[in-house]
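The following block contains the structure, expressed as structure tokens.
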Amino acid sequence: MIPDTWYLVLSALLFTIGAVGVLIRRNVIVMFMCIELMLNAVNLSFVTFDRMLGGVDGQISVFFVLVVAAAEVVVGLAIIVGIFRRRASADADQMSMLKW
Amino acid sequence: MLLLIPAIPLAGAVFLLIFRAKVGRFAGAIASSAIGGSFFVSLIAWSELLNRPAESRAVGGRVFEWIAAGSFHADFTLRVDPLTAVMLLVVTGVGTLIHIYSIGYMASDERRGTFFGYLNLFAASMLVLVLAGNFLVLFLGWELVGLCSFLLISFWSHRPSAAAAGKKAFIVNRIGDFGFLIALFLIQKTFGTLDMVEVFARAGESPLTGSLATAIPLLLLLGCAGKSAQIPLYIWLPDAMEGPTPVSALIHAATMVTAGVYLVARAHVLFEQSLIAGGVVVGIGIATALLAAAIAISQDDIKRVLAYSTVSQLGYMFVAVGTGALSRSALPYVAGIFHLVTHAFFKALLFLGAGSVMHAVGDETDMKKMGGLRKALPVTSLTFIIGWLAISGVPPLSGFFSKESILAAAWEHGLPWIWVLGVIVAGMTAFYMSRQVFLTFFGESRVAADVHPHESPPVMTRVLQSLALLAAVGGLLNLTLHHGTLSKWLEPVFTSGVHIEATEAATPLGLPEVVVSAFIALVSLAAIALAYRLYLAPGAEKARTRLKGSLGYFVRLSQKKFFVDELYNSLFVWPGKVVARIAAFGIDAKIIDGAVNGAAKAVGAAALRMRMTQSGLVRRYAMAMLTGAALIVALFVVRVR
Amino acid sequence: MMALQELRIPGVSFIAVAPEVILSAGGLVLLVTGSFLKGRATVLFMSLLTLTGAAVAAVLSAGRDFTAFSGAVVLDDFAVFVKLILLAVAAISILVSGQLLDDERAPAPEFLGLVMFATAGMMLMASASDLMLLFLALETFSLALYVLVAFRRGRADSQEGALKYFLMGSFSSAFFLYGIALVYGATGTTRLEGIRAYAREIPVLGQGLLAAGLALLLVGLAFKVAAVPFHMWTPDAYQGAPSPVAGFMAAGSKAAGFAALIRVLFSVFPSLVWDWRPVIVILSVISMVVGSVVAIVQTNVKRMLAYSAIAHSGFLLVGVASANSRGVSGALFYLGAYAVTVLGAFAVVYGVGRPGEPFVHIQNYRGLGKTRPFLAWTLVLFLASLAGIPPTAGFFAKFEVLSAAVSAGLTGLAVVAVVASAAAVFFYFRIIWLMFFEEPEGWAEGAEQPATALPLGLAVILTAVAVAFLGIVPGIVLDLASSSLPGLP
Amino acid sequence: MTIPVLSIVLFLPLAGALLVSLVPKDYVKLMRLVALASSIVAFGASLWMLFLFNSADGGFQLVEKVEWISRYRASYHLGVDGISLWLVLLTTFLVPLCIAASWRVDKKVKALNVILLLMETSILGVFLSLDLLLFYIFWEGMLIPMYFLIGVWGYERRVYAALKFFLYTLFGSLLMLVGVAALYFLGGRTFDLAELSRSGLGPSAQLWLFGAFFASFAIKVPIFPFHTWLPDAHTEAPTAGSVLLAGVLLKMGGYGFLRLSIPLFPDATVKFAPWLAILGVIGIVYGGIVSIVQSDVKRLVAYSSVSHLGFVVLGIAALNTAATTGSVLQMVSHGLSTGLLFLLIGMLYQRAHTRKIADLSGVGGVMPVFGGMFLIAVLSSLGLPGLNGFVGEFLILNGTFPVMRALTIIATLGVVLAAIYLLWMYERVFTGPVKIPHAERKSVWRDVSPGELAVIVPVIAMMLWIGLYPKPFLDRIEPSVERVLSNLNRPVASR
Amino acid sequence: MIEGWVFMFSALIALVSALAMVVSKHAVHAALYLVATQIALAVLFLLQGAFFIAALQVIVYAGAIMVLFVFVIMLLGVDQKEALLEPLEFQRPLAIGLGLVLIAEALYLGTYDLARGLAARADVRPLAGEGNVESIARILFTRWAFPFEVTSVLLVVAVVGVMVLARRRA
């Protein structure tokens, strides 16, 4: 039997990797993917807590997270596509027209 | 009724100032009749006093409640007692004459209306001063005469020197008033009132002790020194000669400048509280008398000589009233007041005479450019000579009597050195006045070729004649100090103090009074003779050169007025300006405002720096967020127990 | 083989969510019929009608206190108060947007639908009694806002603002979500009631999961209310967004975020006040300082208003940090006052800058007092209110939170707030100075100024009246706010 | 139902402002007339108030109280006592003069008159409020109109000056706001001043609150070293602004001490009084010294206000009836004399378009009447007996002397300094050979016009009245001051 | 025992592909690594008995969502190599440092109280004998009925949003 904690630690590790990825990747699509990774990590926590607690609310939450992720992706990619059409670049560092 | 005395000239002043453009040449007449009316009312007041027994010769009281708040209460009180009556008559009497003189003197001035308005305002203020029954009212008059003095000195304000002189007069007086004000606070605190009658009564009942007894009179004295041009505040008076000459006569010779003497006499009860105070009064008086006389000796400006002479004579009066305070006896005061009166006569005469001279020579004031005017100005020169003899103490003119009584009082009350110095001053006075007369009226004419001296109009000469008469016979007022009319009249005023019997011989060396008087007169005559030798007699030039050889240093010092103005400048004015500049442009602009603006700038700089964190780079934003998240989690984690 | 009757949905109560439902339904109807409707005015009118209906529903639902949908939704006066604010915000935003839609020649139904859906999501933030529902509501309005920010599609600033907002928003959502997961793990439920019951049993923060969960929830909500250091999207998004949208974001997003924050902190974790208060205080201080100070050097009016929004979040957090009923009611009043003020300000900014808003530099406000006196004078009122100068709504708002802080013993925080607001005045009044003390020159004069259209003008007047009203007789709203506290312990 | 006199006084200017704003754009003269008329009516109303005022009563009179914000227990609570009475009258007296003095201003006439009238209402509100919250709102509400007044109609550096004024005063009043909030809770959750003063705060609370309120009042007075906004604001403000600033606004600080600090924090006041006195004296001397070297007439007069207001502070710090009564009178006096000075400087500027002392000389020769009027203002300002300035100054110094001897002596130096800086300025500007800009335009340099005279003469009349017969003023001030001070258990006076 | 190996294997894949995603130069590679992580996670879901979610994870996430990602990457042709150079000062070390801090915090919490285990006190439990899908369905449509409805609004917003963003310029 694997200790629950391992799942949670794995989840935390993945979450952190995703968060760090957002900080160090410059391609906005990859940044966005890192955010998705963070959501996935949270999902793992939800499922693990469910098993630990013997409930199902966590899984239902994962379900909602999936919906949200889908919606976010749709809107987010639409924005990214719009911006790419204009600049032909997805480099986050080049988007600094608005600053200070 | 007493209110009428200042009210008539005040009304005149208001009327003249409002309709100054309309009154035209009637200005002088209106002003003169206003003060004349005042003189008339004063006579009535005087006669009222005469009708009373000597002990209760005081009338007057509250006119209205002036300032009252909390424990403080000051009424507008006017009072007449014999001292005041004398002052009233001098002020209104001499004042009226000078007003009339001014009609002629100012005949061609466009701003006659304003001038006479000011004159009347001055008269009103001066009358408030002398009538005041309350220190605060006295202060009101005190300040108002200062104001009028300022207005009249700088009457020809287009002349920078006139404006500066007016300002100087006012400011120096203010310094004196600083002392006066604090004295008032002390009086109020000590006696709980500023009403003179009450203050004097309380001070008489329970004499003050310690520093308070000295502080009050000395602070008052500072005020007096300002107004009466005594050391250390005499410096304004010579400059005040920038004003029209009648002003110099009225304000800076006859009336206003004597206010200090009047105040010491009036508040003699307070001055008698402390021997130090009396001593200081005497000391300042004699020092001023000497210094001013020493300066007067070498001045070439006809009015400046008279101005320093005034300062010197005022010093004389201070010696008198100081002696009174020191000895707590009445007669020295009387002597002081007596000299005040005679001085008013002859000094007004001299000033007006000088005015007449200037009138004649086209407003020239340098005596070196006069000489021999006796022929062109018969009346002026004659009356001036009377004044000269009077001030020089030549019997039987008035100055002789008044000076003699001051010296006698000093000797009688144990101040032999003062007596000696007084005699010296008397000699010096005779000398420089003689010098003036010789340079102006005698000898050869040094008048510029294009100037044709002419006698002044009758309206001026009549006044000169009247004053000459007064200066000549003024001595009758008090032929002897102990038994004179004026002594009798004034003595009750000064008897409230504690009397000390004279301890030494009543006269120097125990000689008869007549001998002493004769000696003093001789000193004066000798000084006149010396002046004659140096300025008029054949070979005067050579004698002067010789004298300069031995006394050159002194002469130069004297000519430069002992550098007192320069000393004050470098001691107070200049450092004051430096301090002010440091305060204004250093402390205020740099430090305080610099701190304020610096704080603003610092915020601005911080803003610019903080703003840079908003780099526009979304990954930096994420970094900030992640940092924040890590910190918040940490904040919670550390609290987990 | 489950019989249908077994599937009984418990606790259905539409009154609890009537405004949200009405808005969503209205939004849908608008989307469906939008293409048939002739004229923008009709669409605007319809949406306003829907908002009115929702407002009526909200008012009618006042005075109750119950949970519905198995505890997922709560209806109390707190929720009603926030909903009414949000509906007002939406209504005014729509009035201003009418102009925007004209200028952009953009399809009205979609835009208005998004606004209405977003409003529904925001309202649900105030009403949600379940963390997951809260998350859904948050995402609903966030998504709508991402789109609205990017509404001017062709423009780089709009796109960049939207992208940054979106990336950061998703990023913060992940934190928020992780927080939910941890809280769920710690307490076994996502329902606020259940969490509260659990938290009450552990009077101190006895459990790491709960601690970390609460921390991450705070991160997510702090992002929504634009508290420093989670504020960095704000200036960019506000600058990129069309002004009506920026106003809607500033007022609505803040109200919704604070409603959720207050709900979570006060009705769920009141027992942990000593643990979360320091965090709130710190956030509050740095938000006030950074917002006020950086605003000083801004030259873009919208950006400046964004920094001011950050500073105002700090002030609102002062009320939250007070952790007493006065602080909450003060924050509620503040939300209302700030909403009308900032909406008015952005409406004026739009009125000045339209169409396309090229004129948002502060130099464009030079001499506005002469060229556009109506907008200029009303802007003075709004700026004064933002600065908290009586007699405007902003003054009482500030006073409320300050007095709450003082009553809670947080005098130091109150002093910081005061100092920060003094600094803030500088930039508000710089605009006034440019408008009135300088002569018009450059673009502002050269460009033909379009007349202020009726709906925009109406919006400005309404907000101005509200600002003045709340500044002179705030009693009514104050009383309402103080009777609209969430279930406090 | 009695007639709400105070409300009428308070809101007449506001109504006037509304009326002015309704005047169509082109009727410029009508705007001025309406503004002037409404301010004069307001003055009339305040005279009516004076008529109804019972001079024997030191308490609040003509009180009006209506509930305002029930949640706070804040009410619309107005009342007048001997202290506020004269300040109200001063305000209503000066505002018509300001409006008249702005007659020639052609820039945004409507806004100008509206703002002046708005200012009047908010200033009156400060003096009439008996409710702390109401007081505060009026206190701060005055800032914006003043900001505009300086910023729009001011001189060259008006923007800097306006902002500096605004930030300075706002900073102070915000600290006060914290104090207000704290006072509300500590004082039993009420804003009613009477109730608050009965609440009996603890000593440490008093100290802190005194400090918070002090910040605001000190800046407003202004007390050294919080004064540097004043010269800039006064100098750059238009004539009407300077007159209102000097005439009335500066009084709000002193009034605040009397109305709030002393009754609410008696112990702290007693404790701080010596420091207050020291600051007052520093202000007197420092303001005087700095005035001496100013090169701008207006700036000089502005610094002189620092000096003169120092007397007010000193008088208040003395905490005895005579000195504090003097302070109140000095506030009124200063309003008149400095107000007149600013009015005159405004007229001078109209002609010369400069305020630099160095640019002017011999003005009195060209315009003798004007010079005379200016001299009267100067004399009043330097405290010449017989004019208004003296009475207050003397009462203050005389009342302070027994309590703080050394300080009083230093303060008395201020009297000397006043003579120095004012007369020196007068000498340089008004005397000497005539040197004036635009001398060729004789029409410009006409002596005072009847219209100008109509502005000047009432002020001079008031100056003479106060100087010669201040009894009606003092009689009404004194009972109220006594009442205010009766709150203190007076260790100071007996020290 | 087998469970342990499965966990280890899946966890390793998840971690490694997550790291690989973060460091891969090509966006497409990153997407594929993300898919791998997600599938590994699906295995972990299965391992914990969350069958429904595991299926959803594969179908919706790894399937639909990631396809969308790849589609966009291809559509835009953004699959250029990302330069290795980090233009922002300190960005990488700070990011990694922060990551370590977060992990440290997580581990601290983990050692602190996760080791003690959680009290089994979930609000809602599945009925005994009920399958995972049934129980989720039952609870989703009762207890979570309203949030479920809200997702519809969310999706409508997404759809409308894309419409707005993608519309042709009028």
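So that you can tell them apart, the chains are marked A, B, C, D and E in the order they are listed, and the count of residues begins at 1 in each.
To be clear about the criterion, a contact is a pair of C-beta atoms (placed from the backbone, for glycine too) under 8 Å apart; a residue touches a chain by one contact, two chains touch by 3 or more.
Source: prediction; values computed, not measured.
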item: Set of chains adjacent to chain D and to chain E; value: B, C
item: Intersection of contact partners for chain B and chain E; value: A, C
item: Farthest chain relative to chain E (centres taken as mean CA coordinates); value: B
item: Chain pair that, of all pairs, has the most C-beta pairs in contact; value: A-E
item: Centre-most chain, if every chain is reduced to its averaged C-alpha atoms; value: D
item: Distance-maximising chain from chain C - centres being C-alpha averages; value: B
item: Centroid spacing, where centroids are CA-atom means, of chain C and chain E in whole angstrom; value: 30
item: Distance between chain centroids, defined by C-alpha means - chain A, chain D (Å); value: 64
item: Centre-of-Cα separation between chain D and chain B, whole angstrom; value: 37
item: Whole-Å separation of chain centres (CA-atom averages), chain A against chain C; value: 26
item: Contacts with 2+ other chains: residues of chain D; value: 167
item: Set of chain E residues in contact with two or more other chains; value: 88, 91, 94-95, 98, 102, 105-106, 108-110, 112-114, 118, 120-124, 143-144, 147, 151, 154, 157-158, 161, 165
item: Two or more partner chains touched - positions in chain C; value: 132, 136, 139, 143, 146-147, 150, 153-154, 163-164, 167, 171, 185, 188-190, 207-208, 211-212, 235-236, 297-298, 426
item: All chain pairs that touch each other; value: A-B, A-C, A-E, B-C, B-D, B-E, C-D, C-E
item: Chain D-facing residues of chain C, complex; value: 380, 384, 389-391, 395, 398-399, 402-403, 405-407, 411, 414-415, 418-419, 421-422, 425-426, 429-430, 432-433, 436-437, 473-475, 478-479, 482
item: Residue numbers on chain A that touch chain B, as the complex places them; value: 19, 22-24, 26, 28, 31, 92-93, 95-100
item: Residues of chain D touching chain B in the complex; value: 164, 167-168, 225, 227-229, 231, 286, 289-290, 292-294, 303, 320-326, 329, 362, 364-365, 368, 372, 379, 384-386, 390-391, 394-395, 397-399, 401-402, 408-409, 412-413, 415-416, 419-420, 423-424, 426-427, 430-434, 468-471, 474-475, 477-478, 481-482
item: Complex contacts: residues of chain C adjacent to chain B; value: 163-164, 167-168, 171-172, 175, 204-208, 211-212, 214-216, 218-219, 222-223, 228-230, 232-233, 235-236, 275-276, 278-279, 282, 290, 293-298, 423, 426
item: Residues of chain B defined as touching chain D within the complex; value: 17, 64-72, 111, 114, 136, 139-140, 142-144, 147, 150, 154, 157-160, 162-164, 166-167, 170-171, 174-175, 177-178, 181-182, 184-186, 188-189, 576-577, 579-581, 583-585, 587-588, 592-593, 596, 600
